[in-house]
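Both complexes below contain chain A, partnered by chain B and then by chain C.
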Partner chain A sequence: MAELLIQQSVNWITLGSIYALFAIGFSLIFGVLNVIHFSHGDVAMTAPFIALAAAQALSIAFGATAPAWLVLAVIVAVLAVGVIGAVLDKVVIRRFRDAPAMMALVATVALGIVIRELIRHLYPQGSNPHAFPRLVSGVAFEIAGVPVSWLALLVVAVTTLLVALLFVFLRLTPLGLRIRAASEDRIVARMMGIRDGRVFRATFFIASAIGAIAGLLFASYAGVTRFDFGVMAGLLGFSAAVIGGLGSMPGAIVGGLIIAGIEVLAQTFVPDGASYRLVFVFILVIVVLIFRPAGLLGRTAMEKV
Partner chain B sequence: MGGPASPAAPGSAVAAAVVAILSQLCGAAFLYAILKADGGWEVTGLLTLLGLGFFLLERYPAMGDFVTASLARVPLVTMATAAIVVLGFPFLVGSNTYILHLLIVAQLYAVLALALNFQLGSANIPNFATGASYGIGAYVSALLALNFGMSFWLTLPIAALAATLFGFIIGVPSMRTRDTYLALVTIAFGVVVQQLLNNFEWTGGPNGLVGIPAPSLFGHSFASPLEVFGWKLPSQANFYYLSAALVVVAIVTAQRLHRSRIGLAWNALRADEIAAKAQGINVAWYKVLAFAVDAFLAAFAGTIYAFYISYISPDNFTFLVSVTIMTMVIVGGMDNIFGVIVGAFLLTILPEKLRAFSDYRLLFFGVVVIGFLMIRPQGLFPQRLRQYGAHR
Partner chain C sequence: MLELKDVDTAYGAVPMLRNVTMSVQAGELVCLLGPNGAGKTTTFMTVCGVVRPQRGKVEVMGKNVAELGTENLAALGVGLVPEGRRLFPGLTVLENLRLGFDAVSGGKLDFEGQLDKMSSLFPRIRERLRQVAGTLSGGEQAMVALARALIGEPKLVVMDEPSLGLSPKLIGEYFEITREIHSRGTTVLLIEQNAEMGLSIADRGYVLVKGRVAQEGPAKELLASRAATSLYL
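After this line comes the complex of A and B, so read on.
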C-alpha cells in the first residue's frame, strides 16, 4: 500500500507539474489580453513535432544520431513555438481583444482545428502517433523500493525552475513590470507610455514557449505524441487555470496539481477509473466553480456600475 | 417593424410582394445550386458569389433593409412563398437522397442553433453543452424505443423533459459563475455527459445504440417512400418534412419568446446584468430558464436525429459538436433568427461540399470560420434593434 501511495504520488507531482505549465500559459495570456486562447494546447503540442523534425534534419545534415541533437532540437522547438505564438497573436488573436469573449473562444477553437490539421498534413504520416524519445532515461533513486525516474525528476526540476524564473521576470525586470501593468489596466498602461503591442508579443512568446516545454515534457512522459493531443492538453490546462483562478500564477500551479491529483486518484482507487477519469476531473471542475465562482485563488472583482 | 411609415419599404404592396417572392426564390435557387454543385470550381465559384453578396450588403446596408422591409410589408405573401419553397423542395431534388439527407441534418442543426440562440444570442450566456442536451434527447428516446418499444411520438416529450431537467441542472452553477468561468462549467457538463455515454454499459458504450425503429404516423411508416399525388419521394422526405415542421416550431417559439417579457428580460441580461438586477429582473431565474429552453428544443432535434439515422454513438455529441453549434450562431448573427438559420445551413453544407478538397476540408473549414469572424464580427446578419412606435 505504501509503495502504491509513493508511486502514485510521484505520478501525481509529475503530471501536475506538466498541467501547471500548460495552465500558466492560459493564465498569462488571459491576464494580459483578457482573451481565452483556446488553441494554446494545440500550439504547445506542435513542439514535439518540431523537435522530432529538427532532430531528424540535424542527424541527416551532420550524420550520427547523437543525443546532443535532441537537446538542440528541443531548444529549436521551444523557440519556434514561441515565435508561432507571437505570430498567431499578431495575425488572429489580437483582433478579438475587444470582441465579446465568446467570439475569441470560438475563433481560437477554430484556430486549434487549423493548427491540428496543419500538423497532420505537413508532418510525414501526421495522422499516426509518433514515438517520442525520453529526454532522460534511467532511474534516479528509490524511495522505499519505489524507483523514481530521471524524467520525473527533470519534469519537477524544469517546472520549479520555470516558475521561479517567471516570478523573477515578472517582479524584477522592466518588461515584467510592463506585462503586469498591462494586465492590471491596459488603457492606463498605455497612458504611462507602455506599448501594448510589444507587451502582447512578449506575453505570447513566453506563454507559448512555456507551453512548448510542457508539450515536450508531456510527449516525453507519455513516450508518444499525436496531432490531436493538443485538444486534451488545452482542455485540462484551461480547466486547471480556471479552477485556480484566471490570471493568477499560484492559482495555475494549484489548479494543475488538483486536476492531476483527481486523475491519479481516479485511476488508482476507482475500478475502471481510467476510462472515467475525465468524468471525475470535470465534475470536480463544476463543484469547485459552484463554491468558488472565480476560481480558488482568483480575485472576485467588484464591478462598478 | 416595417409598415407604411418605414422609409426603406417599397411604395406599393404589389412591389413589396414581388420583392418578397423574388428574394426568397433567389435564396432557394442558391441553396439548390450549392447543394447540386460538385467539384472544387463550382463550389469555389458559388462561395465567391456568396462572399460578393455579403460584401455588397456590407457596403450598401440599405439593400438589406429594403428586402427586410418588403418581406415584413406583406407577411402573408412571404409566408406563403416560404411554405411553397419548403414543401416543394423535395420535389425539385427528386430522388437525390444525399441532398435530402444534407437538408435534414441542416434543419436539425438549425433547430439546435435556434435553441442555443436563446442563450448566446438573447442573453449572452455561453453554453458549450447544447451538444450534450442534443445527445440526452437522442439517447433517452432511443433507449425508450429499444427497451420498452415506445413509439416515436411518445418518446419525443419524455426525451424533451429529461433534457430540460438536465438544462435546469446546468443552470444551477450558472447562477453564480459568469463569462469564461460559466463557459468552462458548460464545457465540463458537456464532457461529463459524453464520457458517461461512452462508458456506461446500458448506453452501448463507444458502440452506441443500433436499430432504432423508424417512426410511423397514421399507419404510414417513415422508412417507406412517401407518395404524394402520384409523386414518389424517397423515404428521407418523411424526415425532411418532420424536421421542417420542427424548424417552424422553433422559429415560432423563438419569435414568441423574443416578443415576450422573457425575451426582453434576456436582452436586458445581455446589455448589463447588474442593471437588469437593479430593474427588478430575477437574473438567476432567467438564466436557468434560458438553459432549460435550450435543452428542451435540442432534445427534440436529438430525438429526430436518433430515429432518422437509427444509429447513435457518443461520437455524435462531442465537445466539437457544441462548438459547431456555437459557431453557427456567431457566424449567422446573434439574436437574429434568420441569420442563425443561414449560419446553420451554411456550416452544415459547407464541410460536405468541401469534400471536393477531400483531406483538407477541416483545415479549410477552420480558415473559413476564422475569416468570417474577422471580416464580419457581427455575424452575417447582425441583430436588429427592437423597434417600438406608432407604425408597428
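After this line comes the complex of A and C, so read on.
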C-alpha cells in the first residue's frame, strides 16, 4: 500500500506539473487579453510534431540519430510554437479583442479545429499515433523501493524553473511590467506609451512557448503523440486554470495539481477508474464554477457570453 | 500646443461633442468646465485619441492625434491624468511611477532624481512606494496619478476631473500643486466641474454645455461674470 501511495504521488506531481504548464498559458492569455484561447491546447500539441519533424530532418541532414538532435529539435519546436502563437494573435485573435467574448470563444474553437486538421493532413500519416521518445530515460533514485524516473524529475524541475522564470520576468523586467499594466487597464496602458499590440504578441509568444514545453513533456510522458491530443490537453489545462482562477499564476499551479490529483485518485482507488477519471475532473470543474466562479485563487469571474 | 478644430464625436448614435473648437497655447493653464454629461470626459478621451472624432481633428504639438495614436502621445511629452485616477491597482506605486516615467522621459532623465522631485512635491508618496496602488486612499491615489503624469517632465499635462471625490482640504492641496506645476512652465489643460477652483488658477476657460462650447474667455472674466458657474450650478 505504501509503495502504491508513493508511486501515485510521483505520478500526481509529474502530471500535475504538466497540467499546470498548460494552465499557465490559458491564465496568462486570459489575464492579459481577457480572451479564453480555446485553441491553446492545440497550439501546444503541435510542438511534439514539430520536434519529431525537426529531429528527423537533422538526422537526415547530419547522419546518425544523436541525443543532441533531439535537444535541438525540442528547442526548435518551442521557439516555433511561440512564433505560431504570436502569429495567430496577429492574424486572427487580435481581431476579436474588442468583440463580444462569444466571438473570440467561437473563433478560437474553430482555430483549434483548423490546427488539428492541418496536422492530420499535412504531417505524414497524421491520423495515426506517433511514438515520441522519452526526453531522458532511466531511474534517478528510489523511494522505499519505488523508482522515480529522470523524466519525472525533469518535468518537475522544468515546471519549477519556468514558473520561477515567469515570475521574475513579470515582476522584474520592463516588458513584464508592461504586460502586467496592460492586463490591468489597456486604455491607460496606451496612455502610458505602451504599445498593446506588442505586449499581446509577446504574451502569446511566452504562453505558447510554455504550452509547447508542456506539450513536449506530455508526449514524452505518454510516449506517444496524436493530432487530437490538443483537445484533451486544452480541456485539462483550461479546467486547471478555471479551478485555480483564470488569470492567476499560483491558481494555475494549484488547479493543475488538483486535477492531476483527482485523476490519480480515481485511477488508484475507483474500480476501472482510469476509464472515467475525467468524469470526476469535470464534476469538480462544475462544482467550482457553481460555488466559486472566480476559482480558488482568482479575483475575476468569467463574464457571461 | 493643443488644438481641437470643429470636433464632433458620438458614442454610437448618441452625439457627445458638437463642433467643439478650443486651444491651449504653450505655457497656458486652460480650464474646461461643464456640468455632468456636458462631454468633459469625452473631450479628454478625444484629446487622448481613445475616442475618434467623427468630424474635425485634434492636434497635439502640430500632430493629428487620430493618426498618431494614443500610445505615441506620451513620447511627444504629454502627461495624462484620467478621470477616477485609474492607477494600475495591482502594481505598486513605484511601478506606476516607473511606467509614467518611461512613457514621457524618453530616457533623457534620471528616474531616481525625478522620484526625489515627486517626493518633495507629494511628500506622502515616498513612504508609499512599495504599497500596491489599489490599497491607497482616494486622496493618495489622486496624488500618485498626478505624479505619474508629471514624473517624466511632460510639456503638456491633461487632467480629467482630478478633484472628483476628494475632501475640500485635499482639493485645495491639489489645485495648489497644479498651480505650482504651471508656474514651473508646464502647459496644463484642466478639465473640471469645480468652476470656482478651476478658474481661480487658470489663464483661460471654456464652458462646455451639452457637448458645445457655450462660453470662453479669460478665467478672471469668466469668474467675475459668474456666467460660467450660473450656466450649470
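To be clear about the criterion, the second predicted complex is superposed on the first by the 299 of 305 C-alpha atoms of A that agree within 3 Å, B and C clash if a C-alpha of one lies under 4 Å from a C-alpha of the other, contacts with A are read in each partner's own complex, and residues count from 1 in each chain.
By our rule, contacts are C-beta pairs under 8 Å (C-beta built on N, C-alpha and C of every residue); 3 or more make two chains touch, one makes a residue touch a chain.
Model, not experiment: these values are computed from the prediction.
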{"item": "Partner chain(s) touched by A:Thr173 [first = chain B, second = chain C, both, neither]", "value": "neither"}
{"item": "Dominant toucher of chain A (residue count), chain B or chain C", "value": "B"}
{"item": "Partner chain(s) touched by A:Ser137 [first = chain B, second = chain C, both, neither]", "value": "neither"}
{"item": "Contacts of A:Val188 with chain B and chain C, given as first, second, both or neither", "value": "second"}
{"item": "Which superposed partner A:Thr160 touches (first chain B, second chain C, both, neither)", "value": "neither"}
{"item": "First, second, both or neither for A:Ala107, with chain B first and chain C second", "value": "first"}
{"item": "Contacting residues of chain B [partner chain A, same complex]", "value": "120, 124, 126, 172-173, 176-181, 183-185, 187-189, 191-192, 195-196, 198-199, 274-275, 278, 319, 323, 326-327, 330, 359-360, 362-363, 365-367, 369-370, 373-374, 377"}
{"item": "Residue ranges of chain A touching chain C (in the complex, touch as defined)", "value": "174, 177-178, 180-181, 184-185, 187-196"}
{"item": "Residues of chain A that touch chain B when the two form their complex", "value": "30, 36, 92, 95-96, 99-103, 105-107, 109-111, 113-114, 117-118, 121, 235, 238-239, 242, 246, 272, 275-276, 278-279, 282-283, 285-286, 289-290, 293-295, 303, 305"}
{"item": "In the complex, chain C residues that touch chain A", "value": "48, 50, 69-75, 80, 82, 86, 88-91, 95, 98-100, 102-104, 148"}
